[in-house]
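In the part that follows, the structures are each spelled out as structure tokens.
There are two complexes below, and they share chain A, which is joined by chain B in the first and by chain C in the second.
Right after this comes the complex of A and B.
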């Protein structure tokens, strides 16, 4: 007679229902979002869906989904917390699966009728003849058993300690496994403890402020938090009754009185299962949706899918990949300096995802400097400014034709072989910069065409940032046309705002350089000669140049040659916005000045003679805020120190 | 014997000191520089009657010749503290003084035009401030960058006043009429010169101001253009090219001038900012705040602490002197209650 042995207890039902609902809801959502990808994104996926980039995607999934390397780099303790949850739980599942698989194999090899007899007595296993119904004790005792087949449904590894009380003596690693599993549970508990500390004293974990969560999120968090203590209790009680625990659960189990806890064992496991189920069912509707979505996002991003101007399926993946960890709140100047705790990216992403009031979403999207500080901090790498621009998109408002007059201007210039110099609107308000650039061009013997000296067309980025996309495109078209027709070989601009636009929003056939890059090039090629003065300066990384285009080293290399550069506390990608970024048109001058003062404070925390920046906007902002320190652009510092 | 300390020997400080001294009260008059009346000395003639600034300065200095007044020059008061019954003053060298009453008359300083870089001050030599123009008038040396007699001069009103971008929303009150006064003086010296004054709106509030304005247009042919200058640039011959808009005509406007004169506004002086914040009587923009502008404009709300002149708000000389007198009477009333 062949018999089958299947572990089963009523408490697996909530768990199974939870898993099934989780799968169905997630699948439904993912399929819907993939259906909403726009044409360009679809084409990218069709082209790249299977390429070598998959390997790098998997590697990043491992690094970010489990290890949380990016958070570790920003904030060690926070990294430990997130990793403890993710990696700890993941390993609990993997090791638990391995443990149950191996044990079942040994049970199979043992092929002992006595054990089956025992299991059936235990009442949590179905013992049945293959092809027939449940067999009773009597039959089992009388018939000759030729083969015992141990079935192993996937839920066994979740409730393993309950189902397998005594492991066959031939399986030597039993103790090792139970100890490892206890260790992993402790690891998750470490994360849990830190999470509780974070709620009460977030500063211990290096967070000034944590995210304010919605009630649904809090409910789900409560379910998640209760899973692990319940599992510990249930396992400890089982360990108390049967002695199958590891170093942790057994120690706790030994504290209990078997007579008292015997009646509680089943309910504890049931409770554990119910909480798992609650968490699974709420997961797709809460921030915990990020667990799976982040993996998809990493894949799509790696194969080259990008945000567009409209909300698309990819946007949905981005929105849902946000874990609301609150890292974006920490650096936000609006939070830090203005005490505005409502407009950080985490709340933008949440309000769009939860389809809150359009007015509220718009308010949040508009009240942002677009300084990119949160984007570089985001551990998930969500393109937060692109999402803000999607909300800001004015569509066909103020329709085409508004800027058509720029095309009537037939102004053209023969600049074949020359460098085109684009000062930018803001540089016109800081003539010190453009004058210095002209001096530098002359010193280098470089022929140039100052293309916006008399009549200038804006680069279009301020409009782009505010969502006037058609109008911005019109300006870009005119400028591109002028540049391409002039025959210039290179475009140099003094304004990081224009620079980022020319670099990322235009499609120019010639190289585009910011003047910091250009001066650095001249110095390295010995085209200009400078002396080194004995002033101490601090350098402010403009948002659009630093975080926006990754230009950190060139200005530093230039400044080190002409003066003495001092380090500041927040620099490079942590630089504090000057507060006057064109991204925000909602802030009052007083608020902008507050942020500016904070930025200036960072630059002058060590004694310096001059504050140096590389952006006309930042320069104007700082000049406004201080009478104490001279504020110079890097081009001015170089022009002052030129040796003819 | 009651003692009064006055910080700042300008028109306000001197006038208050002289009134108090005439009533037999001894006064210590602190001045951070070596001589009094520095701001007045910058001026050539004063509106609206074109009286020489030197005459006014001489008259005011004469009032200092009183036994009861001790002028303490080269002494910058950096802090004042109420000690329960009297005030203790600390100077920059570490010395201290005690008195029953402190009158703040720390005054103003002009807006630093370099902060409006788009106007090119400090970059293009042809861009000067109203103070520099006053000096040119004083020494009768109105020349352009090349050293020639200028053919065209442009004035720009409200530089650092009524300007959200520079953070000063307030009106500096005296610049409108000063530009008209300077334009007339220049015209008197160089009748051939072409003068344009760019304004937002002209505030001819004082007695005789409106008449001056009318005369400037009718007799002297000075142009008034309603519009702000958005940016300035140098031409190859070191003149200044201006971009503006004539908002009455609704047309953009370009002009090349030999000199661009920036009518810089009044800001609280560094001393005013410092004392106001230390005594916690800091009002808007760093000016000193008084109890009420109507009836208690000399009192700051702190016992024995009074304020007079342009440390409270931009003002002209006549009002500053009157204000100092009323402060002196308020101080005497306070001393009688002690």
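Right after this comes the complex of A and C.
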């Protein structure tokens, strides 16, 4: 007679229901979102869905989904916490699966009827003739058992200690496994403890402020947090009764009195299963949806899918990949300097995802400097400003601009072979910069065409940032036309706002350089000569130049040649926005000045003679805010120190 | 000669009974800093669009203030939102916000 042996207890039902619902809901959501990808994104997927990039995507999934390397880099303790949860739980599942698989293999090899008797007496194993119903002990005894077949439903590994009290003595690794599993459980507990500390004293974990969560999120978090203590209790009680625990659960189990806990064992396992189920069912509706969604996002991003100007399926993946970790709150100047705790990216993402009132979403999206600090900090790498742009999209208001006047005044200047110099609107308010640039061009013997000397056309970025996308495109077209037709060989601009626009939103055929890059190039090629003075200066990284375009080293290399550059506390990608970023139209001048003062304070925390920046906007902002320190642009500093 | 909006106007009458200031009041609610404007014209003097055409932002917001909304919508589309005016305004009027809100209000039907 062939028999089958199957572990089963009623408490696996909640768990199974939870898993099934989780799968169904997630699948439904993912399929719907993928269906909502726009044409361009779809084409990208069709073209690249299977390419070598998959390998780097998998590697990044492992690094960010489990190890959380990016959070580690930002904040070590926070990284430990996130990793303990993710990696700890993941390994619990993987090792648990290995443990149950191997044990069952040994049981299979043993092929002993005595063992089957023993298991059946435990009350949670069913012995069944192949193809027939459940058979009881007596009938089993009568016939020769030719083959024992152990069934291994996937839930065994989750409730392993309950089902397997005793393993064959030939299975030597049993002890090792139970100790490793206990170690992993402890690891998860480390994360849990840190999470509790974070709620009470977030500063210990290096967080100024943590995210305010919704009720649903808190409920789900409660379920998540109770899973592991319940598992520990259940395993300890089982260890107390049957002595099958590892170093941790057995120690705790030994503290219990078997007579007292015997009746509790089953309920504890039941509780554990129910909590798992509650967590699974709430997962798709809470921030924990990020666990799986982040993996998809990484894949799509790797194969080149990009955010568009409208909300699309890809946006849904981005929104749901946010873990509401609150890292984006830490550096936000609106939070830090103005005490506005409602508009940070985490709340923007959440309010769109939860489909809150459009007015509220718009309010959050509008009140932001677009300083990019949060985008750089976000460990998930969500394109936060693209999401802001989607909300800011002006729709019907953005039909067509009235820019026909720009063409009427086109220059008939011959610029073939020259460098086109674009000062930018803001540079016209800081003529020191443009004059210095002219001096530098002359010193280098470079022929140039000062495009916007008398009349400036805006680059279009301010319109773009405010969601007037069509009008911005109109201006871009006019500028592109002018540049391409002029025959210039290179475009140099003094304004980082324009620079970013030319670099990322235009499609110019000639190289685009910010003046810091250009000066750096001249210095390296020895086209201009400078003397070095001993003034102490601090350098402010403009948002659009630094975080926006990644230009951190060129200005520093220039400044080191001409003057004595000091480090500041917040610099490079951590630099504090000057407060006057054109991305914001909601702040009052007073509020902007407050942020500006904070930025200035960072720049002057060490004694310096001059504050240097590379953006006409920042320069103007700082000049307004201080009489104490002279504020110069890099071009001015270099022009002053030119040796002819 | 750029037109700063200071030219002498011919005499005219306005029928105040017919003027609806509803939109203007709404504008003040949305951009309170506009209350501070003292009509100096710095915004127009620096305006990037003004260098090309007779677009005059001071004229535009002054007309809005008087309840003369005709043609303003088309006129405002000339603005490039470059922000020079906001930076220069001596009274701290948030002109970019003002311009966007004017456009929004002009778009909406009169209540």
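By definition in this document, the second predicted complex is superposed on the first by the 638 of 644 C-alpha atoms of A that agree within 3 Å, B and C clash if a C-alpha of one lies under 4 Å from a C-alpha of the other, contacts with A are read in each partner's own complex, and residues count from 1 in each chain.
By definition in this document, a contact is a pair of C-beta atoms (placed from the backbone, for glycine too) under 8 Å apart; a residue touches a chain by one contact, two chains touch by 3 or more.
Computed from a prediction, not measured in an experiment: that's the story for all the values here.
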Give one of first, second, both or neither to describe whether A:435 is in contact with chain B, with chain C, with both, or with none. first
With the two structures laid over each other on chain A, which partner does A:507 touch: chain B (first), chain C (second), both, or neither? neither
Superposition-derived comparison: chain B or chain C, residues of chain A touched: C
Touch test for A:623: chain B only (first), chain C only (second), both, or neither? first
Report for A:589: first if it touches chain B alone, second if chain C alone, otherwise both or neither. both
First (chain B), second (chain C), both or neither touched by A:146: neither
Is A:644 contacted by the first partner chain B, the second partner chain C, both or neither? neither
Examine A:455 and indicate which partner it touches, taking first as chain B and second as chain C; both and neither are also allowed. second
Considering each complex separately, which residues of chain A are in contact with chain B in the first and with chain C in the second? 428-429, 589, 620
Of all residues in chain B, which touch chain A in the complex? 112, 114-115, 117-118, 120, 122-124, 164-167, 231-233
Could you please specify the touching residues of chain A with respect to chain B in the complex? 428-432, 435, 589, 593, 619-620, 623-624, 627
Parts of chain A lying in touch with chain C, wherever the complex brings them together: 396-397, 400-403, 405-406, 408-409, 425-426, 428-429, 454-458, 460, 462-463, 466, 468, 471, 475, 580, 582, 585-590, 617, 620
Chain A-touching residues of chain C, taken from the complex the two chains share: 33, 46, 48-49, 51-53, 55, 74-75, 77-78, 80-84, 87-88, 92, 94, 96-97, 100, 103-104, 107
